[in-house]
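Consider the two complexes below, in which chain A is the common component and chain B and chain C are the respective partners.
Then we have the complex of A and B:
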């Protein structure tokens, strides 16, 4: 500018661009970008007829009237090993709840070796071709689905379970 | 091993921390000295600032080497090593672990900044005596900020007690490909390097003058990070292609976009700086672009480090976010205020509108102006798409994402126009050209465009968009070749030199200019590769039983079985496919799924057969460990190879520009020698 004084147009224009931008960042700060709404919440849980590791047929229909906790896991997954002791304990604390494990993207024989060593308190299903995981929209392991007594998906938990999560969704025993 | 001895003594943590504190001290004192040098016009204070800059650089770089030593020697008493290290990690993944997680990457940032600060302090010439102290102050202010982060909220050297026996290992995505050893450093060299031209711009604003001969070094300081950014972005694409298994190289992921924003504005700045240099026009505009480029790199860093976006790049949320946000607010608002208050001191001449009004239509400056406007629109639309999910969530709580179709729709027309301008600009002279002569100059490029279009059509690429892209690419290619040829022909004509002599001398005299032109060549080739590979891809999802064969685009693909490879830090499940075409054996390709204990889902590792004509890309979806069957996604795409082939071109361009010039002896030195 030849005028020899501060460029107020630039000042106002620049601030109008920059200030809302910074405010937007500040407002967005702390959002959880991974929190996506779960389309299946409140929907009937997809039905299945599978064989567990001992060769027994297991069907979701068998458990009608009872809440079900379905845990997808694998032997290569670290957090699954972290939550395993909790899942060993849980069935004795919640006797009215059905617990099921589903082996995800893993070899059944390896899963068996792991369970023989680490212990198991409930049936584990083999999910050939991962169809059950697709039906439930599993994004990774561990992932746990809480299915209510009416057979609807009440909640899906991503990552390792904690006692707090179990109490929150199954009530105090 | 000396480093092992240090590790056993657990001395590396305190040593690193001491170096970081020293770096903080030097940068703070240097910042103060720079300000004093600027305000008091004191050469002595400026000299102190320069020394402090060098001392900051030495300590910051040294601290990085200490961290590398700690990572290599598995010194788990150092907090960062306990966080990302593990004994089982191979050595060649231990060193890149430096940038595998938050605090290490900020330390690395400070180290790269140290390299740039040292180079600037060494190169800073006495002739920019008025702006130099301010520039040093601005550079060192940036250094203070990053070093302070490393010393406080992102301290990688904090002591861990009791010392763990082993650690979890770095992020699996970093352990999956050798490119992770070079993609991040290149990007950092690009990002951090923007702080030098930014500081130079701030320096001239504070000093209230653009000194003579200021623009040539500024352009050089700008093109260096620009080239690194270009290479870093290309390598990122390559990594994404080679590791993520979706068959693409650019997903318009928020963090990818964050690296693209400053690239766009810096490209615009490189060109507008030429107009400023030649015609004295667009001074303020050039400064705005340079400053914006740096601000956008900060924004990009904030995105990766704050956890605002979900991306392959994002780290978990941390304490660093609020501090960074505050810094961004201060720097963004501060630079706008500084620019507005000091702009008139720069004697920028008439207002923007009048400057533009005075340009002739058929001139290089007008073509650059048009290019600048396109780049600005490009930046604004990509930026809008990137932050739109934040905006929507802030306004009405909607969770949405802006997908690739939006960005592709913008990128296509703007990209075509930009490449066309790459052909128009070099053909036009500075100043003015009469229309008839201008038309004659376009004959060659138009023929080039037509030839390439025809060649593409014969090659089977008959879609209108690809043909248009090929036309502008051929047009730009020939026009730029003219830029190489013109000085050579001029020498042959005027100085009567032979072709080879003229070519050699023209090259030596204009080495840096040629470096720039070669970058143009790289861009044109990249655009061609993108246009063809995006326009002509075949995708097939196959599920094959063992021994079964399927045919995709003439390739016969046979599933021959699966292997489980158990390594100490991961398990890899591979499926083997024998590939033949027209009876010719292409060998076995083994895409894999890698299982890392820390990862919630397996990471694919595609197998690619890459040739200049086309790529065959196999990405494993699922495989039975007993090898009974495998599901695989097969993609066949032309020309992707050429995208990676531009990397040596950009590297050559960088080398030509950076290679130090032979020192010409000054008159004083010559006289001293004679005496």
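Then we have the complex of A and C:
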């Protein structure tokens, strides 16, 4: 076996080539390619003036000083139906929190039929042309935004809600 | 096909495009974006072209592999409409990019900016192109270069000592 001084130039050159690649791969493979960043966390929640399904005007400014939970949902979304019973119960557990639903990429009439059948415990907003969803950076449903009493987005939850998520972000009722 | 779909999309939103924004709508939109438009509103006949240019650089968050201009999902159409509204008000491409980055992160740009970690993506190929030939050159020259022979002759008695103290001792011995 040959022994002797290692070729340091070759060693350093090789490391310079390999190390950036290893770092790049380690970081890249550690990411979920479908994940989208929650860029609005900590930012002021975009204001809106919309009409709910009963025809009443609803504005985010109406709820200044109160935490708001805004849930984007649709009738064609399976996980939305899974979380619906939890959201029906939630306002009674968290009476100081404002709950709002936003019908996402769906027909308002279908949403009305669904809510008549499954129940509704808070206003559901109609989002014409999906502008509100764009302003909030919605990428799919269900997505739920926890807006703090100062009007900033505290947390965005993707997927069906669980009681643990509500307790974690709204505190004990 | 792409052009046809684009024309179809544009024709379905023509009424929204023709309606000038009211003062209240303008203020609402400025409130949502967070800044006033930095540019001047473009002429109506170039709004669509500018909108398409910007939409082609933004990723559809639903289908992800397509740009907002190419995707026909409702989300992409909503984003396209929002871009058009912002263009009509005089928002610049950079401001509109920032608006969407503020909602979806840098991820929404189909071509990531050369900042932060993304710098590595841009720099690495250039670095590799430059570094690989240098390393290969180093390897081949190292192979060609004969190994230096080790000094076979140890210092003999005639060699001049370099240690100044030893020099002085030797000089004293010679004097005595």
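The rule is simple: the second predicted complex is superposed on the first by the 136 of 173 C-alpha atoms of A that agree within 3 Å, B and C clash if a C-alpha of one lies under 4 Å from a C-alpha of the other, contacts with A are read in each partner's own complex, and residues count from 1 in each chain.
Heads up, the rule we're going with is that a residue touches a chain if its C-beta (ideal position, glycine included) is under 8 Å from a C-beta of that chain, and two chains touch if they have at least 3 such contacts.
All figures in this text were calculated on a predicted structure; none of them were measured in a lab.
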Given the touch rule stated above, what does A:40 touch, chain B (first), chain C (second), both, or neither? second
Looking at A:105 after the superposition, I want to know if it touches chain B, chain C, both of them or none. Which is it: first, second, both, neither? both
In this superposition, which partner touches a larger number of chain A residues, chain B or chain C? B
Does chain B (first) or chain C (second) touch A:10, or do both, or does neither? both
Name the contact category of A:140: first (chain B only), second (chain C only), both, or neither. both
Contacts for A:25 in the overlay, against chain B (first) and chain C (second): which applies, first, second, both or neither? first
In the overlay, answer first, second, both or neither for which of chain B and chain C A:123 touches. neither
Give one of first, second, both or neither to describe whether A:91 is in contact with chain B, with chain C, with both, or with none. neither
After overlaying the two complexes on chain A, where does the chain B footprint on chain A coincide with the chain C footprint? 7, 10, 14, 17, 21, 24, 27, 34, 36-37, 105, 129-130, 139-140
Interface residues, chain A side, partner chain C - complex: 7, 9-10, 13-14, 16-17, 20-21, 23-24, 27, 34, 36-40, 43, 46-47, 49, 105, 129-131, 133-140
Using the touch definition from the top, list the residues of chain B that touch chain A in their complex. 168, 284, 299, 302, 306-310, 314, 317, 321-322, 325, 328-329, 332-333, 336-337, 339-344, 348-351, 387, 390-391, 393-394, 399, 564, 571, 593, 595-602, 622, 625-626
Considering the complex alone, what residue numbers of chain C touch chain A? 16, 28, 31-32, 61-62, 64, 74-75, 77-79, 81-82, 101-107, 117, 120-121, 124, 127-128, 131-132, 134-135, 138-139, 142
Seen from chain A, its contact residues with chain B in the complex are 1-8, 10-11, 14-15, 17-19, 21-22, 24-31, 33-37, 74, 76-79, 105, 107, 110, 129-130, 139-143, 158-159
